[in-house]
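Shared between the two complexes below is chain A, which has chain B as its partner in the first and chain C in the second.
Entry: the complex of A and B
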């Protein structure tokens, strides 16, 4: 949290006197476009690296070739027309068909060329077909399988992140106003509990509320069978969400509050805050204009970092709670050795992270005076 | 600086507790390394029935009995080769009659888990013949059955369908220990005896037996579904967790610091390249890549460690170090160093990097538990090291065998407790260090 760059405050006065106008909009636009291009380049490199890692040593190709051979030998041996062939002839036939298929899929081309082909495929989300897993609608297209799993992930993590973010800032402001009281010291003492990730607390929550007390379901997203009534369906989803959201919150809340509180405290010891207080401004205005406003870029950065961290932390939490999201899909894919899904979801994760970074940059451009007045912005 | 830091650190009670926890873990790790060697730990953890046949399945730790009103039985193991029980050998002409008696005192409030006899027979042609009889404390005599063991053989009471019929389909471990004609079944306390009357048909033939009434509690840590004593994993998980956490945290923070320093000092292209790489790495999803590496290449904990370090050396921490270095670079003392002719490496190593050490040390300490948990996370995903016992793998095993459903809470709770204690210990120390080294935070 402390790693976010602090905004320089020297430009603030200059910004505050200027009215936002066309030049500002243009500047923000230009900044965003440049960032978008830069980020796209970053995604291309990132995805390419992912593909390289996934294909390292041609391992994936070996699997693919083995699958082709297996499929062809099966179809050849099942075909009654081939029954009259001698084993040698049959092998020859299989070998020929395998060669054709390998050439059709381009597996005989040099790896470098193929890797660029896979890169374009990955970037256009043309992720191929799964080996074993199917989507609930029965499709074997990796893209559809992943798209189907995305909404539950988004639902779970949007809910918990937004709650965590606003709640912790609200509490942190409260604590920083009267620090040193019992609540404040409790938060300091509890901050180390965030050393454990969400899934870890999930285990205990399941243990207490599902296994021992039996109040809440063990996992999943809705009851089986899912209720037909919309309202009941929503209620069922809500009940299933309580524990995972609680686990995420529990694993991050104290540290987040602690960090924000310390951060606000540092900022509220600035001279201009003292000045505002001396002027007799009410506490709310001091908070909003003199503490929150200058720290806004940092707050946004931290929010984005939180989101990035939780995207990837989701995999195990979803597994522990049997939540039918992207993370659990990845877990199932590992178990079944379903390569296209593993590579595909890595690509999706890369995209999600890039989008997060872009949204961060864009909002940053909107709130950071340095970008708006054209200093330190787009280069 | 270090001595001052220590004096300051002592002011924080949480730091003292944290240090205590950390040193306890270190002691545990050293104990584990001293008592069980690396190869022995692997052998034990991978071992099957050959190593663990004397242990019950999924038995709770023995100390849990302390909190129970209904005491669970521990394992009863009697081996005639060790001189336990009594063995009488009487030659009868060409035959030899061997009588082995295993008396034992049973005082638990619950039935044993399983009953089994392991035979160790010596013969060349004809297998010995054994008649098994069960004597209860109230004087009843129950015929169990007859058996002709091979050289190494085991007789499991549950698998004998004739015995089951005779006991009216009540499982043997319950029927043999139950009070007669009482519903529901309750165990009868007192001295039980298993008598084996064996006939050995060859002159130099012999027979020995080992009787095991598997209990429902075992050892200090309990056992898992493969009868393995969890103590092995609990003990050996400690050095592995500490080594993994420490190496990963050290590897990432120190290299990150040097890369940031190089970038700032040389500026220009080097700096730009490092910045761009950092942005790319920010987009790379670390956990999915680790999963990919684990699935495709190697699950060895040391390979994973290397990948973790590789992926994090260009982490976002570079940005915060860079901000500091940019300031430091302009300081007069750097200029002075340059003036006296210090080389690039000397300036980076001696003058630039030491400035972020106060920032780095707390971060390093706080990072350790996050890597310990990362290892556990990978294990829970089924990507744990295939041969080494770790805490995460115990949790994974427990989950795969429905520990929470079936009420084997100890199985999950013990490794979890160790993980959280490790996490808390390092985090407490790290937080206190952060305040000691960053005066801006002091008093806040």
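Entry: the complex of A and C
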């Protein structure tokens, strides 16, 4: 029987080396492109809505025109050279200057047309000049102002999210192994604490660790004056990061662990996990290959939603901690009606969100062969 | 029997195996004192209706216990070696898949969706025998051929296979380490009749060609008769009859087994299939005495006591009917019928 049922050597080798690589790459590529297009469409819609809202549907133009008229009237009336003019001539002069300025700013074209122009500008990061705010280096270019604020935000949120992801997976896996024990029940009991946002916990953390105990700074990103030594600078930033990272983590960690531990429990009761145990695989392999890996797509979906929530919570959190990031900038800009900055930060936020979601989608495709290879594919 | 680790000890001996679960309603006596013996190159079929403890028996033999185990006692000997005495780690390394493998119930879900099936089949070889991956994969391909799966399927994922193919892959997975014994837990229950027949034929061939031994757990009497050398009938956590397959199918002894056989529809008989009145007893609080007594058409006074296991012509029956009391009883009922 052995002769008949054994494949020939060469045949066998061919079977084993032939990896279905090319079609898989194509499939992942197609999936990624489709996701990218969908995300870009979302960004476009989001940014356009922001432009409409930040301009108050064109009303901000009226405010600007009034400001121009006021400024010009003032300068014309103050100019000694114009003292001889009659009121009619003066009005004519003012009107002429206003028209020139309005045309210069493009305010004479209908708002709808201009909104599309702003949309293109926004999407290509041609963000223009601020109305009032300046960057720390004194520039009024929106791009520079935002670029200055972007790294602190990225630092804070990348740290928090990466910590949240890996720590939650680790704890959730441990809890699912011994579900029903004291630690597990405590996490379940604490899950509702995630209903409160990060800044809420931030206030209490500042109260306790800065005001009462005096261990950590109240806010900001680095001591004033900033330490000259690089190592000390990093240490200072680290100390300033502890509380905001703790606040973000606290606001999400228990619910996340609870969710993921439940995912792990659901997937551990699958037949293939029993099968892996019956095969006599060591516990670590069973856990990594048969519980963690099949659960990962679900966890990544859940995490994507969580991260979106955390990004949007950044505005108040950064304000509470006086963190010089995008969120704080947006908060200041809203207070001052600084439309270019509002639009600019929103565009950057939208892009950040889209990039985050895309990275997670891409990871999803990598960990789930049903996406990578395609349902019923390769037939 | 004197020398338990002798060569000519039977392949598997199960003695007084007990597996009880703790539930919120009480202790479920899923397996309650099961005894049977399996010789090399033999297939024993364990028949019983749903919930009689068949699958729990398979789990108990492979020590695949859930968290809520209440009691797990008894002895199992593999070629005379007491395997229940091994520590969990030793049992995992030496017994699972090296000596005893299984094809689970609903093998449809027995494959990990995110691993290639070839890797899953090759995995035990790499873990237990330290084989290199390429070598293990070659062996997996060999097994695929043996069970009739196209060899390039090693690179596929479970969702790319049909139900019958997945079942075959599960079978290939059980065969790959050439274990002494394979436990088949309802291996064909989710499949269509044609695929069922196909897989039963494969099993028969493998048994003949590789000298494999099987425990086949099923409720499908007709299909199982293809493979069976011996039959064990399970009822409410206990084995009520064990015997040679040919003689069992001709003449079951235990009243439950008789009713079970009568419930199978037959092609060339006009007789309607029978059914058994009532429900199997709850395994949480099973009746004292014979567990089948309430539904038995031949019950008599003695049945309130725990029935003994009687040997008759090499067959074991757990029933009072085959004791002296029972013989009188049978005669009495016979004469009554004749009146």
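The definition used in the following text is that the second predicted complex is superposed on the first by the 331 of 379 C-alpha atoms of A that agree within 3 Å, B and C clash if a C-alpha of one lies under 4 Å from a C-alpha of the other, contacts with A are read in each partner's own complex, and residues count from 1 in each chain.
In this text, a residue touches a chain if its C-beta (ideal position, glycine included) is under 8 Å from a C-beta of that chain, and two chains touch if they have at least 3 such contacts.
Small disclaimer: the values here were computed from a predicted structure and weren't measured.
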{"item": "Contacts of A:78 with chain B and chain C, given as first, second, both or neither", "value": "neither"}
{"item": "Which of chain B and chain C A:112 touches, first, second, both or neither", "value": "neither"}
{"item": "First (chain B), second (chain C), both or neither touched by A:278", "value": "second"}
{"item": "In the superposition, chain B vs chain C on chain A residues touched", "value": "B"}
{"item": "Touching partner for A:293 - first (chain B), second (chain C), both, neither", "value": "second"}
{"item": "Chain B versus chain C as contact partner of A:182, first or second or both or neither", "value": "neither"}
{"item": "Chain B versus chain C as contact partner of A:88, first or second or both or neither", "value": "neither"}
{"item": "Intersection of the chain A residues that touch chain B with those that touch chain C", "value": "5"}
{"item": "Residues of chain C that touch chain A when the two form their complex", "value": "62, 64, 92-93, 95-98, 101-102, 104-106, 109-115, 123-124, 127-128, 134, 137-138, 141-142, 145-146, 151-152, 154-157, 159-160, 170, 173, 209"}
{"item": "Chain B - residues contacting chain A, complex", "value": "14, 18, 276, 279-280, 282-289, 291-297, 316-317, 319-320, 323, 366, 369-370, 373, 376-377, 380-383, 395, 399, 404-405, 407, 409, 412, 416, 419-420, 423-424, 426-428, 430-431, 440-441, 444"}
{"item": "Residue numbers on chain A that touch chain C, as the complex places them", "value": "1, 5-7, 12, 15-16, 18-20, 270-272, 274-282, 285, 289-290, 293-294, 296, 367-370, 373, 375-379"}
{"item": "Complex interface listing, chain A residues touching chain B", "value": "2-5, 38-39, 42-43, 45-46, 49-50, 53-54, 56-57, 59-60, 179, 189, 191-197, 199-200, 203-204, 206-207, 210-211, 218, 262, 265-266, 305, 308, 311-313, 315-316, 319-320, 330-331, 334-335, 337, 339, 342-343, 345-346, 349-350, 353-354, 357"}
